[in-house]
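Alright, structures below, take your time with them.
Here come two complexes built around chain A, the first alongside chain B, the second alongside chain C.
Take a look at the complex of A and B:
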């Protein structure tokens, strides 16, 4: 069974929500905290609701609507979201008031919107969609598990399309606290939302085929990852030679980048490599941005200097492998191919 | 065995009526619900709302689970129940299988985060980092996966009060898609001030013991705990010497798409979840032996759920009860705890009582079972879990008919 990415939507620190494509040159961020460039939400959400909703909800709804519009469908046959941190802003608001007001005189809005399934629930509510609705909240695997569930849903044959996406927001509190763990010495903190309409039938605006997804939890060595990637490709009848471009999650942190270095040099020694976290920042669901970028590269058949990390841009781009890890504990591989 | 069946081999529970499955069944048998004044959670609402706490402090839970006592209670509860589940399945060495752990929760390590945050708000460089390092829902699952030696597939689902039912459904589908050999699925949640105050703002906490499906009900009691079932595919089940508890024959997830927190008056999401789960199990209303209700005790939930049941079952509503009248609403753990009770009902012929019931709901034609019984002929049991965000899920457990 072929699974097509029939529509995509992406809210990121770049103008991806408005322009729908990658910039030709990488922007020069002067901050270690990247903030998503938010689109005008009024085109999708009632103004009164916009005021009440936190950014992660709005970014998620926008990315969902953009992907549905590109796919040309109104109501998907399933909705699955992934978010590592969930609705952090509302969580912080409720927690702060609870502590400062000694558990008295609290109001429900922030609590109601703090649950991790708020984004998927709001999308269902806006689309009046009664279909399968699920939310994965597993750190650096949140997006990948969303794709794995989506692929299973489509293979099980009861439905022919599904909306899958991931979103995470950075708040003042989360940036402060994550900074105390020394996470942003070499890399910028990021955020964003990316959604995909996946279908068993090719749509008019299909960008790529989603061939496969695999995760590897806490590998013990670089060699284990390398062997896992070779095994993953073999499971989809691919060898290293069939891949035209590798996208890795390099973020500038030397210890983290050593994993990518090993795979680039030992599994794909002659292949060009692209990167994406200098555009979207580091966050547990950044691989959703990476997947969005991989789709754009295949659809446009172009690897811009903004993303090329080593080697020469390939002339034809039929298969792209995204290899990412988060915190060296959550490794994932996502394989896309030309339609 | 038809080749693609999902078998339940065992289960584990820790909640306010027992630290293991056997103790929980004893509490049902003796009609002893677990509501009490809070002892372990610290809150200004201590004397306003009864809660259903696990009757053990973190040091005791740590000793039982082998995890350090300073980590989130959510992980400690999870480890205790997941271990019991694994041991009851008698599968031996966990490293010999492709094992998945799919565990749900709603607020991760919030019990520690809220302590951290009180200090952090005074000065953003203060507060111990070890108290927020496991804030994420996924961290809780990983603490337990690492303790049990599970690496193959480790996942966390959070869909509010239906979280665990979706974890079980996803686990069953991982088996059917041959991504794992064995899966431990369910969920966990510890009581926190965050959830207690959150539910208080919604004005759906009862100041007395909750009365699910009673006409005088005014809300829910919060509980805590964890519950997991162990499921295997046909291939593994055939190799086993022990008799499985039952099969998971049906599951469905639908969205109410009505309101962020409230259920629709006609319970459309509830109806769709139940109807599709039964369709998948290949059974009709007359085949259902018992329904373990979502039955929170709120005005809104019980009316929506009851209305949907009446629409689906007409005049032939099977025996029903809400075990939340004993355990309280354990949120992200409830679907896991109740799945263990449901699977055990099929295995042992149990019907669980609904405590604190005395007044028939005037909108409904049926009322819940109020006494414990065993040795009943139980062929199919449905477990309902509905939650915020319109998330509605139903599971059907069935006896193997030879």
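Take a look at the complex of A and C:
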């Protein structure tokens, strides 16, 4: 069964929500904390509802609406989201009030909106969609497990399309706490939301086919990852030679990038390599941005200098492998191909 | 009373995060719920907390809520009556 990406939507530190494409040149960020360039949410959300929504909810709703519009679908047959941190801002507001007010006189809004599944719920409420609704909170695998569940839902044959996406926000609290762990010593902190309308039927604006997804938790060695990637490709009747472009989650951290270098040099020594975290920053669901980028590259058949890291841009791009890891513990592979 | 109503309007706008609504846009007798300002049940809870936080008033009888929170004037009347009762 083929699974098509019929629509995509992305809110990121780039103007992806407005322009819907990759920049030709990488932007020069002057801060290690990248903030999402937010579109005018009033075009999708009633102003009475916006006032209760934190940024991650608005970003998720916008990405969902953009992808649905591109796919030409008003109401999907299922909604699945992935998020590692959930609605952090509202959680912070609620916990701060709990402390400051000695657990008394707590307002309901921040509490209601602080749960991880708020984004998927809000999308469903706005669309009046009563279909399957699920949220995966699996740290660096949140997006990948969203895709895996989506694929399984579609393969069961009871539905023909589904909205899948991932989103995470960076707050003052989270940035300060994560900075203490030296997570952003070599890389920029990021945030964003990316959504995809997946379908068993090819739509008029389909960007790519989603061939497969695989995850690997805490591999013991570089060789284990390399062997896993070869096995992953074989499971989809592919070899290294069939891949036209590898996209890795390089983020500038030497220890983390060593995993990518091993794969680039030993599994795909002659292939061009693109990267994406210099555009969106590092966050647990950044692979959703990477997948959005992979789809755009296949649809446009163009690898812009803004994302090309190594080698020459291929003349034809039929298959793209996205290899990403978060914090060296959560490794994932996502295979996309031309429609 | 006028000062209290002006203060209440500002507090309502802030507490409920009413974007694009200015305190002066809220009429003294404008219904706060449904067709008026369009507040809902979650806002009602926020208003109860507002009264507790800023005026140290607990709503003893929830059934009186619709009457108390009908408009800014009815809230102000309720606060004034409560304050005079406790003098």
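Descriptive notes on the structure:
Operating definition for what follows: the second predicted complex is superposed on the first by the 339 of 339 C-alpha atoms of A that agree within 3 Å, B and C clash if a C-alpha of one lies under 4 Å from a C-alpha of the other, contacts with A are read in each partner's own complex, and residues count from 1 in each chain.
Heads up, the rule we're going with is that a residue touches a chain if its C-beta (ideal position, glycine included) is under 8 Å from a C-beta of that chain, and two chains touch if they have at least 3 such contacts.
Every value quoted in this text rests on a predicted model; they were computed, and no experiment measured them.
Model built by superposing both complexes on chain A: chain B and chain C fit together without a clash. Touch criterion not met for A:75: it reaches neither chain B nor chain C.
After overlaying the two complexes on the shared chain, residue contacts for A:35 are found with neither chain B nor chain C. Applying the stated contact rule after C-alpha superposition, one finds that A:177 touches chain B and leaves chain C untouched. Contacts of A:112 after superposition: both chain B and chain C are touched. Once the two complexes are laid over each other on the shared chain, residue contacts for A:186 go to neither chain B nor chain C.
Of the two partner chains, neither chain B nor chain C is touched by A:262. Chain A is touched at more residues by one of its partners, and among chain B and chain C that partner is B.
Using the contact criterion defined above for the overlaid structures, shared-chain residue A:139 touches chain B, although it does not reach chain C.
After overlaying the two complexes on the shared chain, residue contacts for A:47 are found with chain C alone; chain B is out of touch. When the two complexes are overlaid on their common chain A, residue A:102 makes contact with chain B while staying clear of chain C. Closest contact between chain B and chain C, by C-alpha atoms in the overlaid model: 8 Å. Overlap of the chain B and chain C contact sets on chain A: residues 106-108, 112. Taken in their complex, chain A has these residues touching chain C: 47-48, 50-52, 105-109, 112. Interface residues of chain B facing chain A in the complex, by the touch rule stated above, are 43-45, 106, 108, 113-114, 117-118, 120-121, 124-125, 129, 132-133, 136-139, 141-142, 145-146, 151-160, 166, 170, 173-174, 176-177, 179, 193-194, 197-198, 200-202, 253-261, 268-269, 272, 387-391. Chain A meets chain B in the complex at residues 79, 84-86, 91, 94-96, 98-100, 102-104, 106-108, 111-118, 120-122, 124-125, 127-139, 141-142, 145, 148-149, 152, 155-156, 173, 176-177, 180-181, 215, 217-218. Against chain A, the residues of chain C that register as touching in their complex are 15-20, 38, 42, 45-46, 49, 52-53.
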